[in-house]
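What follows is a set of structures for review.
In the two complexes below, chain A is the common chain; its partner is chain B in one and chain C in the other.
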Partner chain A sequence: MFRAVSNRLGSIATVMFIVATVVFVISRVIPGDPASVVLGAAATQDEIARLRIDWGLDKPLIVQYVAFLGQLIRLDFGTSLFLGQPVAAAMLERAELTISLCILATLISVLFGMPLGILAGARRDGLFDRLGSALAILGASLPSFWVGLILIRFLAVDLGWFPVSGWGGPEAGWAERLHHLILPGVVLSLPNAVLLLRITRTSMIDVMSQDYIRTARAKGLGPSVVILRHALRNALLPVVTVIGLTAALMIGRTVVTETVFGLPGIGNLVVQAVLRRDYPVLQGVLMTVAGLYVVINLIVDLLYRWIDPRVRGSLQ
Partner chain B sequence: MIRDLLERRKLVLLAILLLAAMLAASWFSGADPQRINIVQRLKPPSFVNLFGTDDFGRDVFARVAHGARMSLLIGLLVTIVASLIGAALGLLAGFFRRLDAALSRVLDALMSFPDILLAIALMAAFGPSLFNVVLALGLAYSPRIGRVVRAGTLALRQAPYIEAATAMGASSLRLLVVHVLPNVMPLLLVQGTFVFAFALLTESALSFLGTGVPPEVPTLGNMIASSQLYFRSAAWTMLFPGAAIALAVLSLQVIGDWLRDTLDPILRNVR
Partner chain C sequence: MGDTTVLAVENLSVEFRSRRRIVRAVSDVSFTLKAGRTFALVGESGSGKSVTSLAIMRLLAAPAGRITGGSVTLHAPDGPLALTALSERAMRAVRGRQIAMIFQEPMTSLNPLFTVGDQIAEVARHHLGTSRAEAFKGAVALLDRVGIPAAAHRAHAYPHELSGGMRQRAMIAMALACKPLVMIADEPTTALDVTVQAQMLELIRELQDETGMAVLFITHNLGVVAEIASEVAVMYGGQIVERGEAGAIFAAPRHPYTRGLLDSLPPEIDSNMPVRAPLKAIPGSVVDLAALPPGCRFAPRCAWRQPRCETGAIALDADPANRLVRCVRAQEVA
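Now for the complex of A and B:
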């Protein structure tokens, strides 16, 4: 176990180093000098030059690169060019919304994806299986922002069941917040629910063909006992890992969902940062999201080794 | 079982026909997608304008037909770019042990960005243009191809016929191009079809966010993006282009699933 962990940590350090390099390269290629962007058209050459020195933009790229890596190690993402606050603070301010949204979407996807997947996989080629497979492929084909616009148009504008955008004022209670987040949560959960359905189905089919299931059936146990008590436990193992990984990938897709529903979260922050060339914010969010993904990946991997005794033996 | 297979083939045929129809529709749509007719603006679907008209009175059907062709073209180009970069990285990583660790970490690093986020960031760096969208999405999707090709190459390297070719003095380049590449092609084809589908979705999302192809390029994503101002009263301006994207992606996924199952014997040997 210890060797497995230390090996993984080594490769994670390498991956994060490459991630940081990619982020640095992207942010330096962004056209337009950030100093003149911030100061506007009225700025004099002197003022621009002074700001460039303040930010260290006058130094050679390699020096800036090393400084950037040093900052990252201290988890310092610098200061936003527009918001007048540190990037970390800007992200923290918006994290509550984005994390709530991701948790809600994960819950929705588990609530729909897993039972449908179990039903589909319990009897291969049965009614639920055909239905589930059709649903799975359809759900993975819909552009999420389009689904969002349709939900807004018909459920929020026409029927008035849900608010059209935002997530309530600063004093809104949790019930109001939840009411605002339901539609975005559904949109965000769609691809994940579909993926969970597929994985659960495959896993169930795998387990249902095992000898011990045949034995359980031969003993005369009813289908519900065989499925719920015997098959489900083993079938859910791979599903758990997928829940973790898709939750990490969800953060990326909040960019679209938050824009459709006008939610001031981290996804929205990225879009604003890109449109305003606010590169420290872009850097900070990219590093955080990629870092989260890598860390969740590691946790899921270790958890999987720990839960499954068969994998536990084969640590590299 | 055989009946299922036949049904499946019909479905795939339908998907292929649908994609072909979307490519060809712009030649048959009749109306000019750019003709502005302010008097006829925001008219609901009718026999004259099958999908209604947009805020400039332009025929939505003609615009969807043209937009679909443009979006499919962009998706195809993205797939080609991603395949070229991904296949090159995957072949090198899978074949040369010394390169494997480094290249695999690069693929891991690129995979740890959510695709849309990486695409947005690259678009911010490159600036908005059609070429840059293709490049950004191609880069964002290259690791998906790269990983699969690497795994295939890794498995093939042990194959007896590769050993035989090595023993006969074939150079590394010859081994890769003549002996390995043709045998990872099925993998590339399957993965490429799915990348094509994802690229269509992500490209339209980029347009929606305002970080995609310039707004004057008639893609389905841009149509939905520009319909945002008035879709509450004129839903058809948003419904039809979105449905076209969904149908195209659905068709590609049906084809991809079928390819994967059909090529399975080959793929199983690779794994």
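Now for the complex of A and C:
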């Protein structure tokens, strides 16, 4: 276990270095200049040049790149050009909201997608399989911003069951926050739930046709034991991977959801950073998301080892 | 005890239906299993032998596969049970408890995520309500009995950590867990090395002597049949074409198909034989079960074929020695 983790950490460092390079390049090739954004249309060339010197943007790209890497090693993302606060602090302020939203959406997609997928796969072409397929097509073809607006229109505005936007502010209790986050959570979870349903179904169908399922039935075990004990654990391997990867990708998709529901989270921070060419914030957020992605992948690997004895011996 | 019937299959028929066609996988098959004896079902792939065994266990893939006629009766100690009429729930109490089954592929037939000890213990826990610790102890004893060295240690192994022969031994141990009346062995040695095959046959024979269980042995390998079976039924195209004492059938096959199967066996290796004779294969290919001919199903491949073979169904007739043969020229073939 310890060796598996330590071996992984080496490759994680390499991955993060590559990510850092890509992030730096991407943020600098976006056309536009933060100094002219901040100073407005009336600014003179002189003023703009002075601000660029203040921010270190006049230096050659390679010098900026090395400085950026140096900061990263110290886990320092620098200071936002616009917010007047360190990037880490700006992210932390918004992280709680985004992370709660992502966890909620992951829970919704697992609770909805997996059981339906299991039922659909265990009885192929049965009632749940048909129902699941219909829902999957529906879910996959509806864009989340549209679903979000529709839910706001009917459930929040007309029926008043949910708040229209926001998250209740920093003083709100957890119940009130949850109430605010349910609609965005549902919207964010939708594509994941559909994907999870389909992956679980396919995996279950594959497993149910295996010889060891026939053996389990030949032992006289009932359908619930066969499905839940013998089939599900085998079917879980690809499902765990998908849960992990979609949970990580979700952070990127919060951009749209947070905009639709007026939530001041990380997604919102990214949108502002892109619009204003706030390089440190952009770099900080992208690095953090990439880091989370890598960490979630590591967790998935470890889960694999826990589920499948065949992987335990070979991952070292 | 030798002649106590424990399982009677009578006129069993099985069909697989899909939207476009009906496959008649098993037609009118009858035989009985006796305590302490081994009955072999022999045939090529697609002859209906495995489907027959799955039908006895009522494990046909629903809803496509259906028993369309006949009956299977288990003569349990507390009275006969008509398996074909049981509810699925009652059938589950028979599977693994009264009738156990082992399969061809010992690798894929064991669940890769559970230790073999757990998988064996599961049978006793399920049917007899044995406690976890007690059942695991029982599993270790069974593994020891089927000849797995260091059984207490191996019980904690996962299937991928065992060799093919050991996995099949573990499958046999699982089948023995509730001391069943009948063990169905569906090609249990086919996937194993020849040396391991012989050990496995020996083990099954030993266990049979010990427990008095009846064995239904399904194979395409006539050499194996000669080793283990007292009675044989040869299947072709879903029908039994010849049935009788194993020794008698090997000595004098009466059906052209049986004869073809025996002729296609490689001859015993003889150092005096200067030239290797070519193997005699049966010409043609297996009959299509979705488009059965009106007459004898083997006729298109048969060297003894006559016009009357192709007009009407051929009956399975008994000769004085109680041998059943489905051929109009049985006396001439012999």
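Definition applied: the second predicted complex is superposed on the first by the 274 of 316 C-alpha atoms of A that agree within 3 Å, B and C clash if a C-alpha of one lies under 4 Å from a C-alpha of the other, contacts with A are read in each partner's own complex, and residues count from 1 in each chain.
Here is the rule we go by: a residue touches a chain if its C-beta (ideal position, glycine included) is under 8 Å from a C-beta of that chain, and two chains touch if they have at least 3 such contacts.
These numbers were taken from a predicted model, which means no experiment stands behind them.
Enquirer: Mind telling me which of the two, chain B or chain C, contacts the most residues of chain A?
Expert: B
Enquirer: Regarding the shared-chain residue A:Phe82, is it in contact with chain B (first), chain C (second), both, or neither?
Expert: So A:Phe82 meets neither chain B nor chain C here.
Enquirer: For A:Tyr304, decide between first (touching chain B), second (touching chain C), both and neither.
Expert: A:Tyr304: touches no partner chain.
Enquirer: Classify the contacts of A:Gly222 with the two partner chains as first (chain B alone), second (chain C alone), both, or neither.
Expert: second
Enquirer: Counting only touches as set out at the top, which of chain B and chain C does A:Arg214 meet: first, second, both, neither?
Expert: Second partner only, chain C.
Enquirer: Does the superposition put A:Asn234 against chain B (first), chain C (second), both, or neither?
Expert: A:Asn234: touches chain C, not chain B.
Enquirer: Is A:Leu138 touching the first partner chain B, the second partner chain C, both, or neither of them?
Expert: first
Enquirer: Examine A:Ile30 and indicate which partner it touches, taking first as chain B and second as chain C; both and neither are also allowed.
Expert: In the superposition, A:Ile30 contacts chain B only.
Enquirer: List the residues of chain A that touch chain B in one complex and chain C in the other.
Expert: none
Enquirer: Which of the residues in chain A come into contact with chain C in the complex?
Expert: Within the complex, chain A touches chain C at residues 210-212, 214-222, 225, 230, 233-234, 307-310.
Enquirer: Under the definition above, what is the set of chain B residues touching chain A in their complex?
Expert: 4, 105-106, 108-110, 112-117, 120-127, 197, 201, 204-205, 208-211, 221, 224, 228, 231-232, 235, 238-239, 242, 245-247, 249-250, 253-254, 257
Enquirer: In their complex, what parts of chain C are in touch with chain A?
Expert: Contact set of chain C toward chain A: 57, 59, 89, 92-97, 100-101, 103, 105, 108-113, 122-123, 126-127, 158, 160, 171, 174.
Enquirer: Taking the touch rule as given, give the residues of chain A at its contact with chain B in the complex, in rising order.
Expert: Contact set of chain A toward chain B: 11, 14-16, 18-19, 22-23, 26-27, 29-31, 125, 137-138, 140-146, 149-150, 153-154, 157, 249, 251-253, 255-256, 259-260, 270-271, 274-275, 277, 282, 285-286, 289-290, 293-294, 297.
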